[in-house]
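A single structure is presented below for examination.
In this document, chain identifiers A, B, C and D correspond to the written order of the chains, with residue numbering beginning at 1 in each.
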Amino acid sequence: MSTLTPDILSTLEQQGIELPSWAFGNSGTRFKVFTTPGTPRDPFEKIADAAEVNRVTALAPSVALHIPWDKVDDYAVLRRHAEDLGVALGTINSNTFQDDDYKFGALTHEDAGVRRKAIDHHLECIDIMDATGSRDLKIWLAEGSNYPGQADLRGRQDRLHESLQEIYARLSGEQRLVLEYKFFEPAFYHTDVPDWGTSYAQVAALGDRAMVCLDTGHHAPGTNIEFIVMQLLRLGKLGSFDFNSRFYADDDLIVGAADPFQLFRIVYEVIRGGGLNNPDVAFMLDQCHNVEKKIPGQIRSVLNVQEMTARALLVDAEALRAAQVSGDVLAANAVLMDAFYTDVRPALAEWRESRGLPADPMAGFAASGYQEKIEADRVGGVQAGWGA
Amino acid sequence: MSTLTPDILSTLEQQGIELPSWAFGNSGTRFKVFTTPGTPRDPFEKIADAAEVNRVTALAPSVALHIPWDKVDDYAVLRRHAEDLGVALGTINSNTFQDDDYKFGALTHEDAGVRRKAIDHHLECIDIMDATGSRDLKIWLAEGSNYPGQADLRGRQDRLHESLQEIYARLSGEQRLVLEYKFFEPAFYHTDVPDWGTSYAQVAALGDRAMVCLDTGHHAPGTNIEFIVMQLLRLGKLGSFDFNSRFYADDDLIVGAADPFQLFRIVYEVIRGGGLNNPDVAFMLDQCHNVEKKIPGQIRSVLNVQEMTARALLVDAEALRAAQVSGDVLAANAVLMDAFYTDVRPALAEWRESRGLPADPMAGFAASGYQEKIEADRVGGVQAGWGA
Amino acid sequence: MSTLTPDILSTLEQQGIELPSWAFGNSGTRFKVFTTPGTPRDPFEKIADAAEVNRVTALAPSVALHIPWDKVDDYAVLRRHAEDLGVALGTINSNTFQDDDYKFGALTHEDAGVRRKAIDHHLECIDIMDATGSRDLKIWLAEGSNYPGQADLRGRQDRLHESLQEIYARLSGEQRLVLEYKFFEPAFYHTDVPDWGTSYAQVAALGDRAMVCLDTGHHAPGTNIEFIVMQLLRLGKLGSFDFNSRFYADDDLIVGAADPFQLFRIVYEVIRGGGLNNPDVAFMLDQCHNVEKKIPGQIRSVLNVQEMTARALLVDAEALRAAQVSGDVLAANAVLMDAFYTDVRPALAEWRESRGLPADPMAGFAASGYQEKIEADRVGGVQAGWGA
Amino acid sequence: MSTLTPDILSTLEQQGIELPSWAFGNSGTRFKVFTTPGTPRDPFEKIADAAEVNRVTALAPSVALHIPWDKVDDYAVLRRHAEDLGVALGTINSNTFQDDDYKFGALTHEDAGVRRKAIDHHLECIDIMDATGSRDLKIWLAEGSNYPGQADLRGRQDRLHESLQEIYARLSGEQRLVLEYKFFEPAFYHTDVPDWGTSYAQVAALGDRAMVCLDTGHHAPGTNIEFIVMQLLRLGKLGSFDFNSRFYADDDLIVGAADPFQLFRIVYEVIRGGGLNNPDVAFMLDQCHNVEKKIPGQIRSVLNVQEMTARALLVDAEALRAAQVSGDVLAANAVLMDAFYTDVRPALAEWRESRGLPADPMAGFAASGYQEKIEADRVGGVQAGWGA
């Protein structure tokens, strides 16, 4: 426990990372979706899997739902199911990319009828939020166009504002709207919310409870993501993270897998800007486990965030400031690298044990027999997936 | 007919661009595949649609098949069907990305049994080539890994060589193997044939009838593709093109849609290197019409290639050389731009009419009633798609 | 004159593109700056060269100055010199990247003394604006850091705001501040104003007369620049363009040279958003003629903008809307491409002649003997350059 | 010393990384070159600085020279100077980018006279190699063009081959030619050796003693560099590394600074392919210390390579193979990450002390007074730089 102070451990103890229900279903590429035994067939099974991640890590206290994939008849039942398993229902994610009507847009569509349908879908999502007790409505828009001229960029932006306004107006109490941006895909020429600037301009025009969602895989090559984290925290508009990692595009790999140092820098900037364990800034995963096992994939992911948070908390802030002020480039960089290169894993393992958790949650899960059980039990039915 | 000389027109008359059967089926992204009325249900209908493109353009004399998507009981029947419609069966494309066995590789798989299966699939493809009279076996490998460590890069490269050797040995007569490379997708950490250098090294190790296939959408951002065209022609290893265009990744948009000037430069380098109307260099399309109509999309595509070829043929070679030799940067660039900016469309329209083709093939197709007919006729059955 | 209507010609007649004085001096890369005979030695000679561009094109009515490169004892004299040659003095560009004090920042520096110096430099620039009658103060900041940890991103952003506020407060009358953003270079880890979102947030916090400057070469690979044009026009914050083109990074090539279709789309979005011939949106060049001749390079550049504007004005807005509304992807794209592929050069040449200008300004300049004259006259002295 | 076995330490003891003499001179961007007190004025002082890096690390036994920057009257004297300081003279780097004659190319120039001059420069470099006892002639070519049409890509490639052939023929004994490739800069449209494939094709056409040099900063965004390392080792053509790191372009930052995990993967692939401590594969640095102190910058760099090599040597090869063979994606990745996350620094510090080296070479250098001494001594004269 040498490297991690009680202060750091107490900070880590408060950390919670929301899991996406859809990470437990099948996902893939346009070329192939590989299936795996034990994959959940319904929202109840997804939540059970998510709760298992929390059981061995104490890091994943809530589960985000995706509508309509996670629609159920009675959300009170689903909520009790989750609570019985020790987790809460979290963010509600809308879906405007899987209906034929949305081929040319949803909230931005030229046709008022299609916009109506898309707005109504979001209003239904808010109804579900009322039932589940969820705070956040997360909107990721697949809208855009594939060919220059296909769409009127400006008109779409204006219609987007109108549609969002109507959705925003329906929120009540503590509820928030978080608007995700994405560089490209599934549209290949233009995307209606392609960058943080657009998301920021749109949510700023809505009001205080509209925030930006930063998905770490949704940027142009070479983008300095921690800079955006800093800026959005400074502007008071960082509402949530969708964590994952990427080498090329929106690869949706396990967070920290592609560039661990980038994750470190992002978490460092979160801490620097007061965003850690700040209820305004939700930490979520949004990943696809196309080739790896899903539950262990999620365990690995939350551990990566925890380990990197521990490292970022080790940064010697005073030494860093001194080096920055004096213009000592190498010393300043060394302070950061010193924290990054510190191996926090033994201390975290010891600490976990002291809290009644498996020292190695990956091994703990493997030894639990849970995977074997679901593979045996979940026979028949239709495995959950994106339904693309 | 002012801008295009008889020489240029006679060169254009020889041009042929192979169409991919799968472009007439449904395609999409991991998020959604939109379907359209009239989509073919079998290889016969795909070929009928391809023949329609050729009917109005005289530019698409052959159709590439994809195995197993285009498997039929009797290829002689399919061949006759094509010939009756005025087109030939062309390149055979293999598929090693849609079987569960191939989750971790096919020709590169750690398991000899899986490699055997993948090699046998290619041998079957060559059997089909024997039956269809196709010259080229095109291999695009979806193989790779998503996480560092997942795969042994070196071992896979060696096994790839062995597998390809066995396939290559089965070719006979004029048959060729063309090996496609791709920067990324569906694998996100490493791809076994990611760049032209790897494809070149692999086919050079096989023999004279193994060539590189250059897909214009399969490069890193910023790659100078015409340079690669030049180099592969120089090395005698440019076997074929898969034409399409992209803004970001492998968007598979209509060729010339994203960056017409790039297409011009590519075609110019083809001409410069002796690759135009050279049987060694096959021109093919490989596109996905996710949101636009498929047959018109293919018509637009072959017209784009034809128009850009006409422009590239207008480059004043003598003036260009003079400017290059004298180091007159602006003059040399101006020679190229002058050809690019020349509007060849009126002359091409006139020429088409003189050959009994519609002056405007897009309008010609629209007026033909073909689309309405297939929408009415092709009811029931399963629309062709990627089967992902 | 067939393709261009009187309305279009009258619109084109109003077009003005500001030239940067520094384009006439030497520039290069970190590896080498090649010099050329006839290069100006002082601001007077630069303005003479710029006036020559205007003389043969009637497209370049003003010249941007760079301080301190273009400092003179008496700006009234410089202004008269310009006016005598038929051009006006335009935007004043500040420089905070060439003094040793600015190694670790200027307006963002940790040290209040360095910030003071940098602010004072900008106040001096405004004094010069008062003397030259310039409206715009353009600020491009080279500030950033090369290594993670080197700089406190957040503190710098806050100090940037404070510094800009003091500069902004000094503006009077119609004067404006335009803040440029740049993805990277000369800093390689972080840049203090890296994207339009940051520039927008900073200028929005200043006031109505603070605007964003969009340099077409300052974006991440693959960025849809016309989308940003649309968004900034929509937000009322597009203050000016720095036109140039690039294949890779901030290559500063001749506008339209790398991707003419992109320039077309940008100009189309300017027109769509009401930004053409709108005094709020200044058109400027910012290019480096490293290997080509400088005056002809500038002539080529303004002609490229003019030709592309003519093409963009040809877009059939009604047909485009109809296709967009009906979801006819190919038809909508065709409307745009039809305008892009129209060869407007003959009509423009004819129109130029009718206005007493050379039909071909490149040839007109070459025939004028100006280049030979300056090569003979400008012997001795120190050629202007960046002084890096 | 717990983490590092005697085997690993003995492997590390053999490691040598060549330093570039020019890293001790001033460098910068096209915007500004900042100077620093104590910068060497001649090759003797550069070598003295390089020897200091070796003194505190025992990692840098040789120094690469750049001609003409490091030309001296008597190379025997320079060689003795180096040997007296405990280092050897290493690779000779040619320069064909700083002479006005090379504006449009050197080895590829249209003009035979310019090619002659460039070839002769390389022959002179080989003369110097004979005098210094250097084995490798490293050729990085700045050649290319800025505008489409400016250059005849194909003719240049052919001339490059001819020029290289003449240079290669002059090599004797163990001497080698290593040909570097670079994606872009200083040319912005095309570069004559832009990728590993071109370098490979060119050196393969020369002979066994012609190899590829891989500069880790010379690739397109997103390129999987370790894959290229694997491939070149497999093809027997990896001649040397130029180590540095980058966020965007050829940033030339300290190796490992931008993406430490990428450096780990590269070194792992070197080990996997038998390239570590293999005389065929030279490890060199090629960096620019634009804002940080130069000697400490080089110390930091060789330590980064050493630390990452230690981590890569910790990979449990057996466990990795088992996981790869069984298709256990997460387990295989974990084996790699486990090594990467191990903090080898304490063990390395202890080991250094046991060898009579400073436990912390950065601190050791700082305490040595060397920097203060050169700042006091090196007054007057012209500081070394790129002379751009």
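The working rule: a residue touches a chain if its C-beta (ideal position, glycine included) is under 8 Å from a C-beta of that chain, and two chains touch if they have at least 3 such contacts.
Computed from a prediction, not measured in an experiment: that's the story for all the values here.
**Q** Strictly by the touch rule at the top, which chains does chain B share as contacts with chain C?
**A** Touches both chain B and chain C: A, D.
**Q** B-D or C-D: which has the larger count of contacting C-beta pairs?
**A** Greater number of contacting C-beta pairs: B-D.
**Q** Give, as an integer number of Å, the spacing between the C-alpha centres of chain D and chain C.
**A** Going by mean C-alpha positions, chain C sits 38 Å from chain D.
**Q** What whole-Å value do you get for the distance between chain B and chain D if each is reduced to the mean of its CA atoms?
**A** Whole-Å distance between the two chain centres: 40.
**Q** Could you say which residues in chain B touch two or more other chains, in rising order?
**A** Residues 103-104, 145-148, 150, 183-184, 189, 221-222, 224, 247-248, 257, 261, 291-292, 329-330, 333-334, 337.
**Q** Would you pull the chain C residues touching chain D in the complex into a rising list?
**A** 27-35, 97-98, 100, 103-104, 142, 145-148, 150, 183-186, 188-189, 221, 246-249, 251, 253-254, 257-258, 290-292, 386, 388
**Q** Which stretch or stretches of chain C touch chain B in the complex?
**A** 221-222, 224, 247-248, 257, 259-262, 291-293, 296-297, 300, 307, 329-330, 333-334, 337, 340-343, 345, 362
**Q** Once bound in the complex, which stretches of chain D touch chain B?
**A** Contacts found on chain D: 103-104, 110, 145-154, 157-158, 183-184, 189-191, 194-198, 200-201, 219-224, 226-228, 230-231, 233-235, 261, 265, 269, 272-273, 320-321, 323-325, 327, 329-330, 332-337.
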